[in-house]
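Note that chain A is present in both complexes that follow, paired respectively with chain B and with chain C.
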Partner chain A sequence: MLPDEIKPAMHGTIPSTIVTCSLAGIPNVTDISQVWYVDETHVALSFQFFSKTHRNVRENPFAEVIVRDAQNFQEWYLEIQFDHSEESGPLFDAMDIELEAIASMTGMSGIFKLHAADVYRVLSVRKSKSRG
Partner chain B sequence: MIPERLVDFVHGAVLAFVGTRDARLRPAVTWAFGARVSASTDEITAFVPDVEIDRTRSNLAHNGVVAYTAVGPISHESYQFKGRLAGMRPTTEEERAVQEILRSKVGAQLAMFRPELITGYVLVPSTALTFKVDQVFVQTPGPGAGRQLDLSAEP
Partner chain C sequence: MAAEPQVPSVRDQLVDNQKIIDRLNTELARKTDEVRIIQQISSEISSTLDLDRILAISLDAMETVLGFRHSMILLASGDERVLTVAASRGYDGGRTGAEIPLGQGVLGVAARRRRVVRMGNVATQRAYLTGVRARTEAAGQAALEPTVEMPGLADAQSQLAIPLVVKDRLVGVLGVESATANAFDELDEMLLSIVGNQVATGIDNARMHLSAIERSRQLDAANAELSRLNETLEAGVAARTAELSAALDQVRREKELSETLLRRMAPPEVIPLMLQDRLLARRLDVAVMFTDVVGFTAYSSGMEPDEVFSQLNEFFGAAGEIIGRYRGYINKTNGDGIMALFGVPFESATYRTDAVLAALAMQRETGAQFPFGMRIGINTGTVTAGMLGPPDKSLYDVIGDAVNLASRVEALCPRGGVSVSPQCEDVLKPWFQLERLEEQEVKGVGRLTCLNVLGLKAIAEDERRVDPTSRFAADYLSVIEEVEAMKRERLGVIDFISLQARDLALRHNEAVASYAVALLRMLRADGADAERWSAVDEGALMTAALLHDAGKHVVEPARLNDRNLDGAGRERLRRDLLEGTLRTLKQIDADSAAPLIADLYRFEATRGAEGEFDTAVELLAAADIYDALTAPKIYKGSPWRIVGALAELMRLPYCQSQHRPVFTAFAELMKPSSAVIAPRARPDFLIR
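Right after this comes the complex of A and B.
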């Protein structure tokens, strides 16, 4: 489902944006540092803080994210569904290293800390029309 | 009442996003470019480009629940405003001018990227989406993230 051309949009150069929704029906929008390409049908998001986003997807697993390619500025919209969380292993280690790099580049060293790699199933993907 | 410092923040060089949800609680996000705050009525009018407004418009027609997040692209300072839709209409000429001023302000902040990052966004036509703010949350990364602001405690 995820095309190869989306991969540059998952390097964390430009922050991504996620919306989730509580069971009470209140949406929550925030920037996220990492949307990691796992395979053609899965992405992983960095779980860094015990945030509203974290709580929402545990009670309502659906979310939508915008990822951005820093080379051509193309945006992509992904509808995703929370699947599981990984607190160790190769995926966690790879995301941890990249998060450190993102933190050092954005002045967030000591603030960004990876608690887990949250893996989501991709339900749909499309190119944004935001750039015509 | 929305504090003056947040009015200034929203009127400054920020990027912004609007979150909504449908009847099945499936969330949707789109971006807003430019906004005006009415502190006296606790209302924000966000300018949402029509190229990506369809799901937002449909969701708001269904339930009116809005989350609006503004982010400083360099400072990472960020606040989320939650509330209910008060109205939607096409943007005015003055509001389109506000969008172009914002385009210049954000472009200057993001000078490390090629100008097309900001100049490439399609802003016309846009819809002015007005909502009444009930709650404001700090979203700046760090220990204070997620804290709800007491709107009565600040000037």
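Right after this comes the complex of A and C.
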């Protein structure tokens, strides 16, 4: 489902925007540093803090995320559904290492800790209209 | 159900296929390149153990082959806590020496986790977290660690870090970076991982090599230090040794000085006892010798005192040497006279003949230096010997009537003569030609008929060695002349004087040669075993006999004359004598006699108890031992006779177990015609 050309947008160069909604129907929009490409039908988000986003998807697994390609500013709209959470394994390690690398550079090793890799199933992909 | 499939046009299909083929070709080309590159880098790295060279090769390959413009290799410290940039490419001024703690930044985390880290958004992520940090700080929510400066590009967006690990050991980390986002893809990661493996192994090998070199250098340094210490120690030891040996030399000089002084008081043998105050007076059978230079007072009255002293001292020196040669001791001098003792400080079996031999030698060697000659008188008897005189001036001295009589005998002696008192006659008669002097009245003694010693008898007339009724005397006396002739002709160059004086005086070597040759001729004449006797070379036998003691001159006389040698001492002396003899043989070009003489020594060392010997050795051994046994000494209180000596010979261990025709024949040759030689069971004598 996810084409190869979306990969550059998932390198976290430009922050992504995620929209979630609580069970009560109250939406929440926030920027996140990176959406990870897992495979053609899955992406992952890092779970570091107990944020509103985190709380919302545990209540209501559906969310929408916008990722952006830094080379051409192409935006992609993804409908996603929370699937499961990984606290170890290759995906978790890869995300953990990158987070650790950056956090250690900014003196925030103790604060930025990956608690889990939250894996979402991709329900749909939509490329935005070109911004010519 | 699936939707109705849309059928693509043939043209689209072809285009798609071509695209796939092109992509595959491109990928194939890149893969091929990669393999080639990896092989190239790998072989370059593995061809050297030079760490700097490995780093250079690796980073050069990053730039020129792989196209990575910014690269660095950091090496982990031994405790794996710090990474230090060992080499870098693409940075102004380089980054060598910069450090980062393990676990910090992309490189630090890759090293700590030992995992490849590839990021394409480092700057962005960093900026994002820096913002979070600012908010966190503003809220005062947490105490934060300081931000860390990374050694690479300040604005690196893409970083690829490969941990360098060998067998679980962290060697370091290889990093490439770029300001461009997402500059490195999965293929780069794979490629660099493979290269990283090579680099890690190369660095590890080089480091092990370096540390081996370092260990070897440390070992060398330790060795150098050790040898320096050794040298210092040696120098110290040498200095200390020199100090000690100087002190020892000093002590030795002082000891020598005091012993020189002591030797003026007593014979050297008793000095140790004297120093311990244990030298007790004792009774000894001795020969006392007095000498007097005839008319010395008149002769020297016209001379300067210096001249008198120097001439006398020269004489005393020469006389002392001769007296010492025959085991005598100058007790004192009185004007031009000498009083000498033989048979002191310990009992001797040969003191009478020793005194007479010394006296004859003195007349021969020193008498001529005085115009009116010299008188020498000898008496034998029992005296009391010991330290005599006041404690601070005591001398080793003897007291007894024998001393006074010796002085009287000297007074009666004709000029140039050697006189002995009558009681010596029986002992001296066998070897010496004696002449009875006129009877004289001697004060305090009565009438005295002294004997004048004319000289040593020739072997043929020497009844102690050669019985007038023996076969030797009857048939083979002329052999002695042959031996003398051969000695003159063939061995004339040899300085026989330098051989032991006593042997020379007693013509021991000539006697052995004569007996051996006579024995051989008798055996040949008797017929039996003709083949055996004809195998012996007569000339070689004679030469060996004449030279068998040629080494005596290399051994100090004191040692030759030492009667107190134990078994080991005798063994050593015998060995030194043989060595000296063989050396002398070489010097006088008579090496051919060496094997025979060596066998003779071997025979005598064991008295033939070990092994069989050649006929020539048997002939020599019989003659040599016999002449030693008949030498002028008092053996066990009674004089040896020819019969006793032959009986002893037959009691040699060599003759015990087997019939020894050579020895039996020798007894036949030398025994008095009427005597029967009856060998006894056990030998109980020593051959000296």
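Here, the second predicted complex is superposed on the first by the 117 of 132 C-alpha atoms of A that agree within 3 Å, B and C clash if a C-alpha of one lies under 4 Å from a C-alpha of the other, contacts with A are read in each partner's own complex, and residues count from 1 in each chain.
In this text, a residue touches a chain if its C-beta (ideal position, glycine included) is under 8 Å from a C-beta of that chain, and two chains touch if they have at least 3 such contacts.
This structure is a prediction, so every number in the text was calculated from the model and none was measured.
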Partner chain in contact with A:Phe73 - chain B first, chain C second, else both or neither: first
First (chain B), second (chain C), both or neither touched by A:Phe112: both
Which superposed partner A:Gly12 touches (first chain B, second chain C, both, neither): second
Contacts of A:Ile26 with chain B and chain C, given as first, second, both or neither: first
Per-residue contact with chain A, leading partner among chain C and chain B: B
Partner chain(s) touched by A:Ala101 [first = chain B, second = chain C, both, neither]: second
Partner chain in contact with A:His42 - chain B first, chain C second, else both or neither: neither
Chain B/chain C common contact set on chain A: 15, 70, 106-108, 111-112
Chain B to chain A touching residues, read off their complex: 17-21, 25-29, 31, 49, 51-52, 63, 65-69, 71, 76, 78, 80, 82, 113-114, 116-117, 120-122, 137, 139, 141-142, 145-146
Interfacial residue positions of chain A with respect to chain B in the complex: 15, 17-21, 23, 25-31, 48-49, 51-52, 60, 62-66, 70, 73, 77, 79, 106-108, 111-112, 128-132
Chain A to chain C touching residues, read off their complex: 8, 11-15, 33-34, 70-71, 93, 97-98, 100-112
Residue numbers on chain C that touch chain A, as the complex places them: 103-106, 108-110, 113, 115, 117, 119-122, 124-126, 128-130, 132-133, 136, 142, 144-148, 150, 157, 159, 181-182
